[in-house]
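In the two complexes below, chain A is the common chain; its partner is chain B in one and chain C in the other.
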Partner chain A sequence: MRLTLPRLLQLAVTLLTAAFLIVPAIQSILAGLTVNYFRGLSSGFTLRWVGEVWRLYADSILLSMGLAVACLGVTLVIGVPAAYALAKNPGRLSRILEEFISLPLAVPGLALALALLQLYGSMTGFRTSWTFILVGHVLYTLPFMVRSVLAVLMAMDLKSLEESAATLGASTVTRFRTIVVPNAMPGILAGALTVVTLSIGEFNLTWMLHTPYLKTLPVGLADSYASMRLEIASAYTLVFFVMIVPLLMAMQWATDRAQRISR
Partner chain B sequence: MANRTFIGLCLLPLAVFSLAFLALPLVRLVMASSEGTEGWGIYLQILQTPRYLQTLLQTVLVSLAVSVVALAISTTAGLFLARNRFPGRGALLSVLTLPLAFPGVVVGFLIILLGGRQGLFNTLLPGHVVFAYSLLGLFLGYLYFSIPRVLLTVMAATEKLDPALEEAARTLGASPYRVVFDVILPGLAPSLVAAGAIAFATAMGAFGTAFTLATDIDVLPMVIYTEFTLSANIAMAAALSVLLGLATWVLLLLARSFAGATVAAGG
Partner chain C sequence: MTLTIRNASKTYPDGTRALLPTDLTVGEGEILSLLGPSGCGKTTLLRIIAGLETPDAGTQVRFDDEDVTRLAVERRNVGMVFQSYALFPNMSVRANIGYGLKVRKVPRAEREQRVDEVLALCRLGDYAERAVTALSGGQRQRVALARAMAPRPRILLLDEPLSALDAALRDSLRDELAAMLRQFRITAVFVTHDQAEALAIADRIAVMSQGVMQQVGRPEELYREPVSSFVARFIGNAMPLPGTIADGHLILPGGRLPLAAGTSDAEVFVRAEDVHLDEAGPLSGTVETVAFSGGHYRIGLAGVTGETLFATHPGRQAPRPGDSVRLRIDAGDLLVLPQDRS
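And now, the complex of A and B:
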């Protein structure tokens, strides 16, 4: 790479932007591990704050993990067969349906949460159970699962594969199980990792849907930012990073792989 | 089982779920907006109340500023990363896309670490440099989560450009600037419009970041939230939500008709 003036300027912008994104993240990691952030790093490092976070917010962290797994289960059961049906009938109606279920990507979570509250807020049993939050998470993540699987299914020659299997006597259910699902696996994997990553980090819907007894990890984060000392808030953010960053990297890897296949 | 029946069964769970938890709640939300004392006139009331109008204007202006700056920064960085190979490129790219999975509240907290009372700028610089809770802080927060989304769109679009066009321009004697402004940018234009629209729509609806930073700033999501929780003005909260949802949805629809990919809204 030859360094010319325009290149240098571009490099400068790129590096400054990277600094803007990474410096506060590093600050939060350091603040979560120092004895007293106000006095600075010279006060020494400690794991005390991480321990405090576990003591205060273990429930939130575990709830978020459970929600993410449940959300993955529901999106798999709803999303994979639906993507198959949409791939088999690529007509106008399918486009409209796909467009409709993608609404939660465009409409802000706050508005969706208000809509859910308006309709189901008075059903106390449902409103106060964890399944209410689950509904919000499924609503938000489902389009990612459907689109991810659909993209892979549309790229392969589903028709010939299924026809050959049918001439050999495979029933519709057998074909779905032994041909469609295995071939769609890269899309399912990418969709699954996206669903889990987004569910663990979801705040906009969850803040409106949660109850004081059911706080997810990001809701707990907002709580700690408002009421805890900076070190605890930072340590909690650190715990979140440790969970989300590997997931994000796996998600990007799986999405790239699925996109290479569907090209 | 017959083929058609099986496909129908495959769609059934999706149909039931989206009807119960998407279609009906949205209808209910629209209805709820008319159940105040003004009826449907509430939408007129929004336009006649200075506070709501100012909120709308402020939200649009901040979002617009974020989109323009995010486009400028991300196009510069995106073109650089797409066209050059150098050691550390992968790491740089990872850093620039890292915030994709950060919820808005975390972004807000990171801005507080930069510009809050115990923030980096206030400790390093003399005098009181506290900007986290101002309009500038909100702008930076929105910028933080917009940059990765726009960057990815720009890079994907750059990879699809035909390098032969640039070579042709160069052999015909065009300067590097002319190549950028006459060949690369026009080629990227549809994707840039789409990416800008995504950034704008995301900023308009960003709740988490506003929730941590905009305690004193009226932006639309915060006003909806306070109308709903503090004033218990359900009809107004619903009407503003309908307005916001409609605006972001139409915008993203237009953007998609310009150019494919959409990256998740959030923040």
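And now, the complex of A and C:
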């Protein structure tokens, strides 16, 4: 490859953009590991701030993980059968239904949260429980699960596979368990990773729904930025990265794989 | 098992009448072929037998003495080979074949033994542990057959099992499939739109057209005594002899042919092998084309009927294009059929 002027320009712009995104991140991570940010790296490295974050925000981290797992469970139980039903009945009504459950994608998280608050805000027990946030997360992530599974189901010859299983003596339930789910697995996996990643990273909606006793990871992050010393906030960013980046990478991989199948 | 179908018909929700009321009986151990052009309702009838399609009211499907018309597909115990094979991509060859036994909760030891038996019968022993996605077309077809046969079904149903293969492979697998079906000794219904396939595999052939069962019979019967012009054309490519019938003769542009007494209001057909070149023959025509095909010549003749009439000529020498020739068609070789009303 010859380095012509346009190529050089292109490369420069790419590098600049990357630097623009990455440098602050690195700086922030380093800040979380230095003894004193204002004296710079020369003050030495420490894990003290990370420990401090754990002391202050362990609840948030655990809540986020719990929420993500619960959200995954609910979206699996609702989403996979829903995608299956949509794939089996490819009519006008199914298209409308699919659009309908995808609505939360288009509506801003804030508006969704407001609607939930208006509807359930007066039910104090529910309003202050973690399940309230769970409902928000499920609404927000369900379409990702449904679409991901649906794409894989539509790509395979579901009708023939099920019919041949039926002639071999498999009941509807057996067919779902032994044929539909195993063959939809790439889509389910991609959907699951997307749901977990989104649930852990979700801020908009969660910020509206949270109570002082229920802060998720990103809400805690905002809180630490607003009220803690810079090193702690930076260490928090580091913790957040450590949790979300592997998930993002796994999600990317699984989604690619599922898309290869559904093409 | 004997399959009996009475008054079977199917109207799809969009109003398509894919199958008009049809009766059919398939005897114990018999291989019957459903033959007809694309869209004539073969798959529909096969799916009604399997229980995959709900037929119209009044239909009756019986397996021996048992009325299975309302029995769910998974409880009918039929073996089916789909046009696309529909092998389970998430399972190995062995697991595919064992699936029917597994869902019926056959104990593991017995299951393995039965699968091994079928693997051997279908010559799949070497591929047992492979993924089905790593098989050739012919191997897939054998897996589909083995999978359908493993649970010992009461009847085997095959929907164009050779059509997914390319032409060269199809010819060689046709006889192999015929041999395998014979060794299973099972009642089987075999859908195809290829007459050579039906003739090679079936004991009896049921010819269908536009949702109507035209004729059911042994291959020789259909060939020699077709009951309708459709069957005559479809089996063995009979050619029409369009002419007027007057005082016991068929009058054609190329001459007159004597007919059996009392024939009127009929369509007359003939097959190429029954048109003979004969200097003393009553018909005359002009040679248009000559094609040598191994044991005989295929000669296209103009001027005998309105269209080109073909003759199969077994001699060592053939006339040349442009030659005038005389022809003979023996009265016994004419297929005299009632006018097709449709």
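Basically, the second predicted complex is superposed on the first by the 263 of 263 C-alpha atoms of A that agree within 3 Å, B and C clash if a C-alpha of one lies under 4 Å from a C-alpha of the other, contacts with A are read in each partner's own complex, and residues count from 1 in each chain.
Here is the rule we go by: a contact is a pair of C-beta atoms (placed from the backbone, for glycine too) under 8 Å apart; a residue touches a chain by one contact, two chains touch by 3 or more.
Since the model is a prediction, treat every value here as computed from it, not as a measurement.
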Inset, instruction - Please indicate which partner A:I232 is in contact with in the superposed arrangement: first for chain B, second for chain C, both, or neither. - result: neither
Inset, instruction - Mind working out whether A:P182 is in touch with chain B, chain C, both or neither, as first, second, both or neither? - result: second
Legend entry - Partner chain in contact with A:A190 - chain B first, chain C second, else both or neither: neither
Inset, instruction - Mind working out whether A:F203 is in touch with chain B, chain C, both or neither, as first, second, both or neither? - result: first
Inset, instruction - Please work out whether A:M156 is in contact with chain B alone, chain C alone, both, or neither, and reply first, second, both or neither. - result: second
Inset, instruction - State whether A:G109 touches chain B only (first), chain C only (second), both chains, or neither. - result: first
Inset, instruction - Would you check which partner chain A:V138 touches, where first means chain B only, second means chain C only, and both and neither mean what they say? - result: first
Inset, instruction - Based on the superposed arrangement, let me know which partner A:L168 touches: chain B (first), chain C (second), both, or neither? - result: second
Inset, instruction - Compare chain B and chain C by how many residues of chain A each one touches, and report the one with more. - result: B
Legend entry - Contact residues of chain A, present in both the chain B and the chain C interface: 171
Inset, instruction - Could you pull out which chain A residues touch chain C in their complex? - result: 156-157, 160-161, 163-171, 174, 178-179, 182-183, 185
Inset, instruction - Please give the residue numbers of chain B that touch chain A in the complex, ascending. - result: 1-3, 6-11, 13-14, 17-18, 21-26, 28-29, 32, 73-74, 76-77, 79-81, 84-86, 92, 94-106, 108-114, 118, 120, 140, 144, 147-148, 176-177, 201, 204-208, 211-212, 221, 224-225, 228, 234, 237-238, 241-242, 244-245, 248-249, 252-253, 262, 264-267
Legend entry - In the complex with chain B, residue positions of chain A that touch it: 1, 4, 6-7, 10-11, 13-15, 17-18, 20-25, 27-28, 31, 37-38, 77-79, 81-82, 84-86, 88-89, 97, 100-101, 103-112, 114-116, 118-120, 135, 138-139, 142, 144, 146, 171-173, 176, 197-198, 201-204, 207, 218, 221-222, 225, 230, 233-234, 237, 240, 244-245, 247-249, 251-252
Inset, instruction - Going by the contact rule at the top, pick out the chain C residues touching chain A in the complex. - result: 50, 52, 73-80, 82, 84, 86, 88-90, 99-100, 103-104, 147-148, 151
